[in-house]
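Chain nomenclature is as follows: A, B, C, D and E, assigned in order of appearance, with residue numbering initiated at 1 for each chain independently.
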Amino acid sequence: MLTVASLNQYYGESHTLWDLDLEVPTGQCTCVMGRNGVGKTTLMKAIMGEVAVASGSILYDDEVELTRRRVEERSRLGIGYVPQGRQIFPLLTVEENLRTGLAARQDGLTRIPSRVYELFPVLEEMKHRRGGDLSGGQQQQLAIGRALVLEPRLLILDEPGEGIQPNIVAQIGEVIRRLIREDGLSVLLVEQKLPFARKYADRFVIMDRGRPRARGEIGELSDALIREHLTV
Amino acid sequence: MKIPPCLRRLLALCLLACLPLTAQAQEDDGQSLLASLDAASYAQMGGAIEAIVDSGDPRSRDWLEALLGGKLQRHKESGRFVVVLENRGRNWPVVDALTGEDLGEMSRRELDRIGINNSLRGQLQSVLAVLDLRVDDVGARREAARDLLGQVDEAMVAPLQDLLEAEGDAEVARLLAQGLAIHRLEQGQVAAVDVLAGSLNGEVRSALSSAARSDDPALAEAAEAALAGIDQKLRLNRGLETLYFGLSLGSVLVLAAIGLAITFGVMGVINMAHGELMMLGAYTTWAMQQLLPGQPGLALLLAIPAGFLVAALAGIAIERGVIQFLKGRPLETLLATFGVSLILQQLVRTVISPLNRTVVTPEWMSGSLMINEGLSLTLNRLYVLGFAMLVFAGLMLVMRRTRLGLEVRAVTQNRAMARAMGIRATRVDIMTFALGSGVAGLAGVALSQLTNVGPNLGQNYIIDSFMVVVFGGVGNLWGTLVAGLSLGVINQVLEPWAGAVLAKILVLVFIILFIQKRPRGLFPQKGRAAEG
Amino acid sequence: MSFLNSLADRDRVFDFLVPAASPVDVRHGPILYLEGVSVSFDGFKAINDLNLTIDDGELRCIIGPNGAGKTTMMDIITGKTRPDCGSVWFGSRHNLLAKSEPEIASLGIGRKFQKPTVFEALTVFENLELAMAADKRILPTLTARLTGEIRDRIEEVLATIGLTELRHRPAGILSHGQKQWLEIGMLLMQRPRLLLVDEPVAGMTEQEMERTAELLTGLAGKGKQSVVVVEHDMGFVRSIARTVTVLHQGSVLAEGSMDRVSRDPKVVEVYLGADPDEEAA
Amino acid sequence: MWLTRPFRERATQLFLGVLLAALAAVTLLNLALPAEHPLHVSTYTVTLLGKYLSYALLAVAVDLVWGYLGILSLGHGAFFALGGYAMGMYLMRQIGDRGVYGDPLLPDFMVFLDWDALPWYWLGFDMPWFAFLMVLLAPGLLALVFGFLAFRSRVTGVYLSIITQALTFALMLAFFRNEMGFGGNNGLTDFKELLGFDLRSDATRLGLFLATGVALAVGYVLCRAIVVSKLGRVCVATRDAEARTRFLGYRVERFQLFVFVVSAMLAGVAGALYVPQVGIINPSEFSPIFSIEIVLWVALGGRATLYGAVIGAILVNYAKTVFTGVMPDAWLFALGGMFVLVTVLLPRGIAGLLAYRLRRRAPSSPESPAPREVSA
Amino acid sequence: QEDPIKVGILHSLSGTMAISETVLKDTVEMLIEQQNANGGLLGRQLEAVVVDPASDWPLFAEKARELLAQEEVDVIFGNWTSVSRKSVLPVVEELNGLLFYPVQYEGEESSENVFYTGAAPNQQAIPAVNYLMNEVGVERWVLAGTDYVYPRTTNKILEAYLKGHGVGDADIMINYTPFGHSDWQNIVSEIKAFGSEGKKTAVVSTINGDANVPFYRELGNQGIDAADIPVVAFSVGEQELTGIDTAPLVGHLAAWNYFMSVDTDTNYDFIDAWIEYTGDDMAVTNDPMEAHYIGFNMWAEAVRKAGTTEVDEVKDAIIGVSVPNLTGGYAAMMPNHHITKPVLIGEIQDNGQFSIVWETPSTVAGDAWSDYLEGSKDLISDWRAPLSCGNYNVVKGSCGGGEAQ
C-alpha cells in the first residue's frame, strides 16, 4: 500500500529522518515504535506532506509518488490521518469538525456517515459543542472520527489511544481490526503501548534516531528487542 | 421667505389668469423683453420678469427656466440672447433664445451671463409652482400647495379660497387652508391658530413663532399653546429621527466593517488596505457613471456587481502578490498591506486625480421619504441601510451555508490539519480574501452616495472599521452587525447634547471601558475552545 | 531508583530551595478538600456535587471516563475555572476559591497540563528556570541572578527528564513526549506541596512510564509532597496507586484500592470495559 | 548589578559602539569642518538625525512591549505626544512676554481665544524640573491607569491593540478641542529657548542631538537589561502562554503593567526630545495612523531585537525624508513598495538579515520560533 | 550662464490636504514656466524645487528647513492649513526666508518673512456677513465649522461682530465638528429646527475640506435649499465643487476674492493657460490659485525692483508693489504683508461654478489684527522702517512680541 524508500528529512539543519525505508502492506496494520523524539511523528508528517522531505520516495498504492503530490491531494487519494495531539479545529462544532472530512471524499457525500457516530456515540451527543470545549479524550475520539469520515484506504494513526478511556481504546482497536478485515483497510500506527500494539498490529518497525532499527511480524517483537531499542 | 410686492402681483396674476401663457408675440418684443432682463440691479430684473409674464409670450416659460438655470446669456459682440445648452468646459453649445436657431459652440469668453440671485430664484420658483396648483397630478398639487405655505397674501386670498373649495384632494385642501391660515395669523386673527395647531410643518411653526412674539397677548398666548403642542410632537419625532440617524450611521459602519470581519475577523489578515478596497468600489461607481452619462441610476445599479468585482480582483492580487507569503505571520500582514494602501492611494492620485470625483445621486435616491411633516427619512441613507442589511444577510448565508464558510474557518484555525483533510487551503484563501475585498467594494459603492469619492476615502474608515470588528468580537459576524449599529446609535444619541467631537470621544471611551468588562468583545468566544 | 528518591530529598542539600516555612496548615486534616463543587457550561453539568479529600503526602490516582470532569476539577483547584457552588480548601487555612491563579501557584500547587504546555519560544533551560521556586515578584525577578547552585539544580532536573542535550533549544521544537517530560521537569523545579498531574504518561514508552512512576512515588510522602495523578493507562495506575478515585459525570463513582475499584461493576461498565485485565497486562 | 548585564553582550557592545561613534562623528563633522566642506554635516542634518534618534527611542519602547511582551500597542503615539506636550508646555512658558501679544503669562493662543487665566494644569510648567518630571509622569500615569484596567481585566491580543488605538484616537480628538487649553489643532509652537539656550542656535541643536543620542543609548541599555533578566523571560513566557505563566505563580498583570509603564515613559522621553528639535507639537502625534507607523518601523527593522527597532525607525524616516524631497509625486510608491518588499523578502525584518549573517557560524543557537501573533 | 533662481514649493501632494494643495503646486510650476518663457527674471531662469510635506505638520517645518538650508531657495510658495503655516513660521524666520501663503486664514499674525496673499477675516468673513445681513435680511445665524483654529477664530470675530450689530445670543448657534466629519444628519436636522423659528436664518460655514461633500449632500437630502436657509461658505471653491453633485446646492453661497466665473480677459487668459498646462478641458481655477498668481507676480516685481533675490532687499522692495489681479483690478502689498483684495459673493450654479451676486465697490486691505478681538484690537503691523514691527501696540506704544528687535 505504502512504500517509503531512503527518506531523508531535516528540520533546519538537524537531520531527523535518515535514509528511512518502510513498507505498509495492504490490508495489514503496521506499527511504528520508538522512544520519544526519534522521529515517528515526523515520519507521519512527511507522509502527509506537512514537513518537506529532502530526498527519497513515498510510493502510495504502488503507483502514486506522494512526494510529488500536493498536501491537499493526499487525503483525496484515500489517506486518513489522525495526528498526534489531536489537532481538532477548536472553534468548529463537533459536527463541523467531522464535516471537514467530507472535503476529501470523491463521492460528494454531504452527510456524516452514520458509522462514525455509532463508533463514538459521545460525538453525536456533543454534536453542537465546539471541538475545543471537549475533554482531551473526547477530542481524540473526534480526531479519529474525522479521519474515518473520509472512509480512507490507508489510515495513519499517531498514538491514537492517548488520553482515551480503556474501554474505548479497546473498541478503537476492534474497529481497526474490523475495517482491515472487512474493507481491506491498511493501517500505519504509531503506538508506544505494547499491549495494544501486540494485540492489533500485524507488523512492527522500531525506530531510533530517525532510522528503522528492527522490523518484522508482531510475533517477533521480543523482549530483547524492546530492551535494546525502547529502554532509555 | 418674503416676496417683494412686484412679484406678489405676479403670483396673484398667475392664479387668476389660468396660465400657461397664450398670446401673440413678436421677435423684437422678445428682444426688448430680454434686454430689460439684462438690467443693472436685481430689483429692476424683478420688473423685467413681470413684464415677461405679462407679455404672455409662448417662449416666456422657456426663458424663465433658462434664466433660473443661469443659461440665458448674451453674446457680447452682437448683443444677441442665447440659451446655453451645456455649460461645462471652455466652449458651450448654444441656441438663439428668440428663434431657437442652433448657433454651434461659443467660447464662454464671448458670452455674458444674465445672473440672478437667491431671492429672484425663489420668486421664479414660486411663479412656476403656482402654475402647478392647477395641474391634474395630485402629487404636484400637494407640492405646490406646500410651497405656498407662508407665501399667501391679500391678493391671493380670494382665488385660493376658490381653489380650496374646488379641491378634491384632502391633503391639498388642508395645506391650502393652512396657507390661508398663516396669512390670517399674520393679520393677527387668533382663530387661525386652531387651523394650524398640531401641524409639524416648518413654515407653520415659523408663523406661530412669530405670532408668539406678537404684541397682542391673546394671540401670543394662543400661539404659544399651539407651539407647545407642536413641540411635544416634534420631540417624539426627534427621538425617532435620532434613532434613524443612529441606525443609518451604524449601517455605514457595518458596511465598512463587514468585509473586514471576513478578511481580518475570520482569516486573521490585518488588512490595512481595506479602506482602499472600499475606495476602489467608490471609484468604480464614478467610472460607471462616466461610462453611462445621463443614467446615474442605472450606472449605480451596475456599479454594485462591478464594484464587487473590481475590489475582489484587487483583493486577489493582494492575496497572491503579498499575503500568501505571510502565512503564519499575521502581524506582518499589517506592514505589507499598509504598504499596499499607500500605493493604492497614490495610484489613484496619479492616475485619476488628487481631487474628489463627483458621483451623482440618482433621482430616486434623492430627497427624503416623508413619514409626517416633522419626520422625513433621507432616501439615500434609507437605501444604504437596506443595502447594508442585504449585504450582511448574503454574507451570513455564504459563511453559514456554503462549504467555503466551513473551510475558511478550518483553514484559519489549523491550516496544516485542514490541508491534511483535503481542503484546498490556497483556493480557500483566495476566495475568502476576494469575498472580503468584494464586500469592501460594495461598501465603497454605497459610500459614494454619502461622502467624498477621493483618494482619502479609505483612510477615513479604516480605524472605525477595525474598531467595530473588534468591539463586536473578532470572528463573529453578528457581533459586527450589532457593534456597528449600536455604536452608530450611541453616537447619534450623544451628539445633540455633547456635540460631534465630544460624542466621538465618549464613544471611544465607552469602547475602552466596555472592553474592560468584556475583554473579548460583545460576542466573545467563550470556554476552553477560545483559549486554544 | 535511589537516585530519583535522593533527588526528591535534595532540599536538604540545596536548602535555598526549601519552600520558606510552608504556609500550608495541614495539622488539622487534609491538604486538599473539595466539598459540594459543581460547575456547568452552557447548562451542561461538567462537575456535579463533587466531594474529594486528599491527605498530606498522599499519592492519589483519579480515573474515569472521558469527559468525567477530571481536568475540569484540576481547573477548579488551580483557579482557572470558577465553580458555580461548593468550597475548595488548601490545608485548613486557604480558601482557593478566593484566590487567583498565581496566588494559588505560589501557595504551592503545581500542575502539569493534559495537553503539554511549555513556553515554546524559550529554551528548555529557561523553561525550567522560570518554573523554579523563587521570589516571583517584579523587582526580585528583575534582579534575579543565575547562580551556580541554581544552574546545577537545573542541570540535574535536565538529566532526570532526559533533555540535557536539548537544553539550549527552544521548547517549541520538542516532540510530544519530550514536552511531557519538560512539563514534569518544570513541576520538579517548582517544588510544590501539591502536584496535580494530568495524564503524565500519555505517549511514553513502557520504560519511561516506569521511570515516571518511580519519580512520582518518590515525591509523595508525609511532610513532603502530595500528588494527584489523572491517567487512563491502567498499567501505570496500578503500579503507583494506593487509593484510586473514579469520577463519572462530574462526581465520585467509586473510591478505594485499585483492586476493589477495578472489580466494581459500575466502573467496569462505564470505564474499564469487559476485559480490564488484558488492558492492564 | 542587573543594569550592567547588557554590557557583557556582544550585540549591545556593538550597538553602543556604533551609536557613540556616530554621535562623535556627527559632532566632529559638524563642528570641525567648514560649511563648504563636502563632508560637513549641516545643522539641518544634525537636527534631522536628532529627530530620527528620538523616533528610534520611541521604536525601542514599542519593541519592548510588542516584541517581548506580545502587546501590540497601537497607541504608543499617545505617550510620545504626552511627553512632547509636557516639554512643549515648558517651552511655551519660557517664551514669556515674547509672544506676539506680549502677554507675560498666557501663551498667544490663549490670548486670542480670550482666556483670562492660565488653566491649573499649566501651572508649574515654567519650572524645568517639574516639566521634566511630567515628561515621565504624564505618560507613565496614563499607562499605569490604562494598563491597570486593561491587564486586570485580562484584555489581550487585538482587543488590547484596539483599545490602545481608541485611547490615542480619543486623546487626539480631545487635544483638537480648543477648550482643552493645549492650542487645539495648531498645538504648541514658536518656541524660543530651552534651559536658557536659544533653540535657534547651532550649538543648542547639536546639544539636543547629542542628548537624544545619549537618551537612546540609556533607553536601549535599560530595555536590554530588562530583556535579558529573568523578568524578560517572564515577559516572553507571558507573550507565548499567558495562562501557563500564571500557573507558575507569576502575577502576569503586574509584569505587564511594569513593562508597559516603563515603555510609556521611554516614549514620553522620546517625545520630549522630539519637540524642541522639530519645533512643534500638535494633536496629529496622537493620530492612530502615526502609532501604526511606529509599529511598522519596528516590524520593518525586526521585532523583538531592540536594535532592529532602531534600524527600522531610522531607515523608514530617512527614506521618508529623502523620498519626499527627491520624488515628491511618487514617494508613496517607493515607501509602500519598501514595506511590501521587506515583509515578503525579509521575514524577520532587517535585523533578521543581520542576525542571520552574524550567526551563520554558530548553528547551535536556534532562532526562536516566530512569536505567537494576535489573531482571530 | 548664471545659476537659476530657486523657487521652493511647499504643498502637500499626499495625505488629506493633497486634495486642495496639489493644484497650487501645479499653479506655481505653471507660473514659473511662463516666467521662464518670458526670459526669466533678472536674466536668470527660475527653477522649481518641489517637496512633499505630506499633510504632516512637523514635516512642513522640516521640509521648509530643507528648502532654505539645503536647497537654498530664494522664495517659498506654500502651505494651506494654518497649523502648517504655524509650524513653518519659526523656520522661515530663523533662516530668513520668504514665504508666500495663498489661503484665507484667521489673521492674528504678521511675520516679517511671510506674505499673506489669501484673505484675512476682514476680507472675507465680515463682508459676507454684511451681505447676508443687509441684502438677504438674515436675523438668525448658524456658525458651523471644523474644529480648528481658523474656524474658531473666524467665528469668534463674527460672533463679536454680530453681537455688535444687535444679534442676540439666542439667534446664534455655533457648532464644531472634527476634520473629515462625515455624518451630518443630526447637525443638519438641528439647523433645520433652528431655522424654523420664523426668522430668516443662514449658515456661515467654515467647514473645511472633505467634510463638505457629506454636509451638502445631507443639506440637499433633508430638503434645505438655498431659498430657505442659505449657506455661505468660506472654504468651498470651484476645486471642492468638482467633487460634489451641485444640482441640489444651487444658490448656496461662497465668499472669496476670486471666482473662476469672473468675466475679465486676464482671467480668461489665466484659465486658458491653466487648461493648456493641465491638458484637462474641465480643469477649474480657484481663489488660492489666484493668490499664488498675485503673490508670484508681486515677488517677481519686487525682485526686479530690488535687482536681486536677496531676501532682505526683496522684503523691503515688495511693500507697495501692485500687480493686476484676475478680477480686473490691482492688488497691492501693504506694509503689514497682507494685500488688497475685492470681496465677492457667489452663488453655486449647477455646473459647479459660482455666479457673482455681490461685490465690494473697491478692494479691501487685509487686516492682520482683528478689530473685533479683545487681545488684538490695539495691535497693528507695519514692516517698514522705522516701525518695522508685526505687532505694534498703539496704546502701549511698544512693539509687542520678541519678534521685532
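We adopt the following convention: contacts are C-beta pairs under 8 Å (C-beta built on N, C-alpha and C of every residue); 3 or more make two chains touch, one makes a residue touch a chain.
These figures come from a predicted structure and were not determined experimentally.
Enquirer: Return the chains shared as contacts by chain B and chain E, ordered by label.
Expert: Chains in contact with chain B as well as chain E: D.
Enquirer: Mind having a look at which chain is the central one, using mean CA positions?
Expert: Taking the mean of C-alpha atoms per chain, the most central one is D.
Enquirer: Taking each chain's centre as the mean of its C-alpha atoms, which one ends up farthest from the centre of chain D?
Expert: Farthest by centroid: A.
Enquirer: Measuring between mean CA coordinates, which chain is farthest from chain C?
Expert: So the farthest one, by centre of C-alpha atoms, is E.
Enquirer: Take the average of all CA coordinates in chain C, do the same for chain E, and state the distance between these two points in whole angstrom.
Expert: Computed from C-alpha means, the inter-chain centre distance equals 75 Å.
Enquirer: How far is the middle of chain A from the middle of chain B, if each middle is the mean of its Cα atoms, in Å?
Expert: Centre separation, chain A to chain B: 62 Å.
Enquirer: Please tell me the distance, in whole Å, between the geometric centres of chain A and chain C computed from their C-alpha atoms.
Expert: Averaging C-alpha atoms per chain gives centres 29 Å apart.
Enquirer: Using CA atom averages as chain centres, what separation in Å is found between chain B and chain C?
Expert: 66
Enquirer: Please set out, as single numbers or ranges, the residues of chain D touching at least two other chains.
Expert: As it turns out, chain D has residues touching two or more other chains at 173, 176-177, 243, 329, 332, 366.
Enquirer: Show the residues in chain B shared as contacts by 2 or more other chains, in ascending order.
Expert: 345-346, 459, 475, 501, 504, 527, 531
Enquirer: For chain A, write out the residues touching at least two other chains, lowest number first.
Expert: Where chain A meets two or more other chains at a single residue, that happens at 133.
Enquirer: Under the touch definition given earlier, write down the residues of chain D that touch chain C in their complex.
Expert: 2, 226, 229-231, 233-234, 236-237, 239-241, 243-252, 254-255, 258, 364-366, 368-369, 371-372
Enquirer: Applying the document's contact rule, which stretches of chain A touch chain B when the two form their complex?
Expert: 48-50, 71-76, 81, 83, 87-92, 96, 99-101, 103-104, 130-133, 146, 150
Enquirer: Using the touch definition from the top, list the residues of chain C that touch chain D in their complex.
Expert: For chain C paired with chain D, touching residues are 78, 80, 100-102, 105-106, 110-111, 113, 117-122, 126, 129-131, 136-138, 141-146, 168-170, 172-173, 186, 190.
Enquirer: Any idea which chain D residues touch chain B in the complex?
Expert: 72, 146, 149-150, 152-156, 158-159, 161-163, 165-167, 169-170, 173-174, 176-177, 243, 288-289, 292, 295-296, 299-300, 303, 329-330, 332-333, 335-340, 342-344, 347, 370, 373-376
Enquirer: Show which residues of chain D lie in contact with chain E when the two form their complex.
Expert: 42-44, 47-48, 51, 95, 97-103, 109, 111-114, 173, 176-178, 184-187, 189-192, 200, 278-280, 282, 284, 321, 324-325, 328-329, 331-332
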